[in-house]
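Residue numbering begins at 1 within each chain, and the chains themselves are lettered A, B and C in the order written.
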Amino acid sequence: MPGAAVTDELELLNAGGGPPADRGGAGGDWREGPGAFGRERRMYLTGVSVALAAILMFFMALASSYIVRKGTGTDWQPIEMPRILWLNTAVLLASSITVEVARRKLAQVGVGEFRNWWAITTALGTLFLGGQFVAWRVLADQGLFLATNPSSSFFYVLTASHGAHLLIGLFALLYVAIRAGRPVWRRRAIAAEGVAIYWHFLDGLWVFLLLLLNIGR
Amino acid sequence: MTTHAGAVHAHEAPKGFIRKYIFSLDHKVIGKQYICLALFSAFVGMFLSVLMRLRLADPTIKLPFFPEGILPEQYLALVTMHGTIMVFMVLTTAPQSGFGNYFLPIQIGAADMAFPVLNMLSFWTTFLSMVVLMAAFFVTGGAPLGGWTAYTPLSALGEITGPGQGLGMTLWVIAIAIFCGASLMGAINFIATTLDLRARGLSLMRMPLTVWSWFITAGISLLAFGVLLAAGILLLLDRTAATSFFIPGNLVLTDKVIPHKGGSPILWQHLFWFFGHPEVYIAILPGMGVTSHVLSTFSRKPVFGYRAMVFALSSIAFLGFIVWGHHMFVSGMSPYVGLAFSVLTMTIGVPSAIKTFNWLGTLWGGEIRFTTPMLFALGFVSLFVSGGLSGLFLAQTSIDQYLHDTYFVVAHFHLIMGVAAIFGMFTATYFWFPKMFGRMMSESLGKLHFWLSFVGVYAIFMPMHFIGLAGHPRRYADGSGAAFLASMDPVHMFMSVAAFITIAAQFIFLFNLVWSIWKGKKADINPWQATTLEWSIPSPPPHDNFAGHEPTVYRGPYEFSVPGVADDFILQTTPPDKVVKC
Amino acid sequence: MVLKKGNSGSTATAAILALLIVILTLWTVYIFVTKPIWSWFPPAINEIGHEIDRQFMRTLVITGVIFVLAQLGLAWVVFRYRSRGQRATYSHGNNVMEVFWTLATLIMFVGLGIYAQRTWAAVRLQPAPPDAMRIEIIGQQFKWSFRLPGPDGKFGKYKFEAHPEQEFTRDPWVVDADDPDGKDDLVLGPGSVFAVVVNQPVELLIRSKDVTHSFFVRELRLKQDAVPGMTIPLQFTATVPGEYQVVCAELCGLGHHLMGTFMKVLSQADYDAWLKDMTAE
């Protein structure tokens, strides 16, 4: 019975959320083992990695459109990147560090420290998005809107697309903090790992987009 | 106790009508929902083609809802929606999301897909996409007229370029964008399921070719649909937010100067075809998988060259991503780039040839049983050869200068997509119906459906090559604009009549399908004496497929006529000590 | 229903299917080698067109052979191995054969593909000869117009080309009055026919005012999309005088099928007379 398998595992866990005694494959921790949660973890991580491939293709399409449009049109007017973008980048990079710390704390030590680092990550992510809005305001004040010129069009499209994905990431962070895995803390660990991978991807993607917008300018 | 991976996240049997039939998380229900959506869309698409062929047979014909006859813009709207509905709502749903959803988990020994909630969402998102698409018929201006390819600037400038290009076109773009999201959700599910939920003993090289085809097709979808989504968003912005991604400057329409500048119409083509070419492999690969599977089953022989078949599927998928420019030889794209795309495109013929030879090799030396699914699988082989070979002409830049945008192209892709892939769906339906519903479809009606369809589709599409060779452009509402087209009217008439008869024959299938669900003869657990895992569980399967235990796989998927064994087949799940020798 | 070995009726089914496939194959071959199809295939009027036809024939022979072998092969195995109660041969394949037909098709297809590029290169990768007669063709919904550069051989700039920074709200496609090159340009307005001289290299400069169209003349075996925002060259030399249909070959709206016009191929004398008529109008 499907439900029975989960209940059995539950009985062997600390409901309070501490790390359990070593289970799973011989010699390895639960993450690598053939047991149910090892398999479940692999399944979710496959899902996340595969989703990242799809998202990457979406952004590669936009990036190549950017390069082509810049090359073919005669009306390219480079725009000046709002300086707050650099601050936003630093914030996002910091949030990648904090999310990684949080994830490791969960795996090794338990829920308490995890919560704090996770909360910091969420705050930094929100700060990043806020900063992006500020960048948009800076451009708007210069009279640069979505349709003003192709360079500004791509700026808005690329940052908005990235921002939309980051917003989804924020919801995912909140989901992990509040819901995921109650009371099975392994579920939360799997979810945290998946969200962390997604978060790192968005961070790397942002650096790429920033380079594209600056160098390609 | 043994834990079954699928069981860890599998859900208990649902109660209540909504949970069981509407928002079901069961991959089998979701698979049937996709098949229903595709079936409905197929009949809508066929109806549109009836209208098209009526006008092509007689441009002045008067019909209900068309008292003045079908106007050219209405004809083009029919062409656009026929193509869009058939490619997206039929060919990209039933073979992959329909049958794949139903049988992938079972064939690998899992209780369900990796992410059942995502699965349910992917269906309802597809459903939403279909509703938005169909809505285009009913808004002011009607459905768009730019073809399913929606080339810019025709598709980007709005109503000023023609009726239906306003709200209808916007709804079209939105529908396609929604469809992209749905497809990506499905792709993620298929890949994670195949990689991580296989039962004990089911290595990758023991997977049925159907599973391989669904897996690889999901990989293609994963990498292609994101690009279409990006293109759709940019097009939507050009249409609604005054951007100029695809619209150059100084355009004049009805004496008005269009206030855009600098965009590239060819950029749309690159983005669209980067998706569009892999898309046609999404449409055909599952059909190839089920053909291999069924040919083996009803020849009572292993698939000839299983590894080569896997290699061929993978090569087709990979090469499919680097040939998109063959749709654009005369588009204004650099002729050097065109040259490269041309030579690359010719290489795709190689894995296709490998598959064809291996199908013949599977049949050779077999004991062939002509059931309805087998007939359609055999038909697939013949049609794939015919449709594939015309591609060799179109792939060559120099020849394509003549044949591009003529009926030769229409004949080519209809034979491959509009017939071979459809035959793949029929094969799948007739083959798996007993498992899905616990009843048999009528063999006599099935065979009648096959004969009429097989002859009918050749009658429709073989002559189409000839008018293409004569230079008849495609997407022409009638031949009044060029004198040389008049001589081809008899061919149009012939094709139209053949089409009406062939389409009528599909109602035999529909009747057989619906009638058999309730009145078909009860089916055994394994009426075809096949070997893969679905034939080891009851018909129809229980909610969690394998009743809570994980099956063990002992051998490859096509062990037929093994020497020294009494039966001429061995189920994958039969332990070696239980195999009866002779 | 359990399938029994040697299903009765399978011989009839096998025979009918095999026969249908054979008939289809023979009929297709017949159609392609006898007259009917070729009466629709208009003769080419340029050397490149003849080369394209020859490449087409090479391809037809190769694909024809494969078509016949594959379809007849299918018909044969279907009939020969129909169920008569025999036990099938247990075989997982033959690697030698796999390698063989992989290499054979690879060499044939890629060889054919590479060979095809010769004609492509001759048309597209070489610039037109400097003495080529240049004609600008402009597509719009739903007619073609033409422009000749006149005796100075140069095209004047349109207003939007002469003043690219300016945003025009009217008539950007009018030749700029201040451009000396444009003074002798001859514009043949929407719906005109155009003419070229026989045996004289021609370079078309293909453009569009609104959406993408495509210029197609069957007898030249050539087509080229007319893309707004671009000027795309297409060169040819017509060798047979006559009047040839021009059609639009890229969906451009409800009048897509009504954009037909004509290309006249005239002797020099006839062309001069035609030009005189056009200029006088």
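Descriptive notes on the structure:
In this section, contacts are C-beta pairs under 8 Å (C-beta built on N, C-alpha and C of every residue); 3 or more make two chains touch, one makes a residue touch a chain.
A quick note: this is a predicted structure, and the numbers were derived from the prediction, not measured.
Each chain gets a centre from the mean of its Cα atoms; the one farthest from the centre of chain B is A. Taking the mean of all protein Cα atoms as the centre, the chain whose own Cα mean lies nearest is B. In whole angstrom, the spacing between the mean C-alpha positions of chain A and chain B is 34.
Mean C-alpha positions place chain B and chain C at a centre distance of 28 Å. Spacing of chain A relative to chain C, judged by their CA centroids, is 49 angstrom. Multi-chain contact residues of chain B (touching two or more other chains) are listed as 249, 263-264.
Across the assembly, chain A contributes 74 as residues in contact with two or more other chains. On the chain B side of its complex with chain C, the touching residues are 71-73, 76, 145-147, 151-154, 157, 161-163, 248-253, 257-259, 263-266, 299-308, 330-332, 335-336, 338-339, 342-343, 345-347, 349-350, 353-354, 356-358, 360-361, 363-371, 375, 378, 381-382, 385-386, 389-390, 392-393, 395-399, 401-402, 404-406, 440, 447, 451, 454-455, 458, 462, 466-467, 469-471, 473, 475-484, 487-488, 521, 523-524, 527-529, 560-563, 568.
Interface residues of chain C, counted against chain B in their complex, comprise 1-3, 5, 7, 9-10, 13-14, 16-17, 20-21, 24, 28, 31, 36-37, 40-42, 51-52, 55-56, 59-60, 62-63, 66-67, 70-71, 73-74, 77-78, 81-95, 97-98, 101-102, 105-106, 109-110, 112-114, 116-121, 123-125, 140-141, 160, 167-170, 172-173, 209-212, 214, 216, 218, 221-225, 227-230, 232, 245, 247-260. The touching residues of chain A, counted against chain B in their complex, run 1-6, 8-9, 35-37, 39-40, 42-44, 46-47, 50-51, 53-62, 64-65, 68-69, 72-76, 146-147, 150, 153, 157, 161. Partner chain A is touched in their complex by these residues of chain B: 1, 3-12, 111, 114-115, 184, 187-189, 191-192, 195-197, 222-227, 229-231, 233-234, 237, 241-245, 249, 261-264, 267, 270-271, 274, 544, 548.
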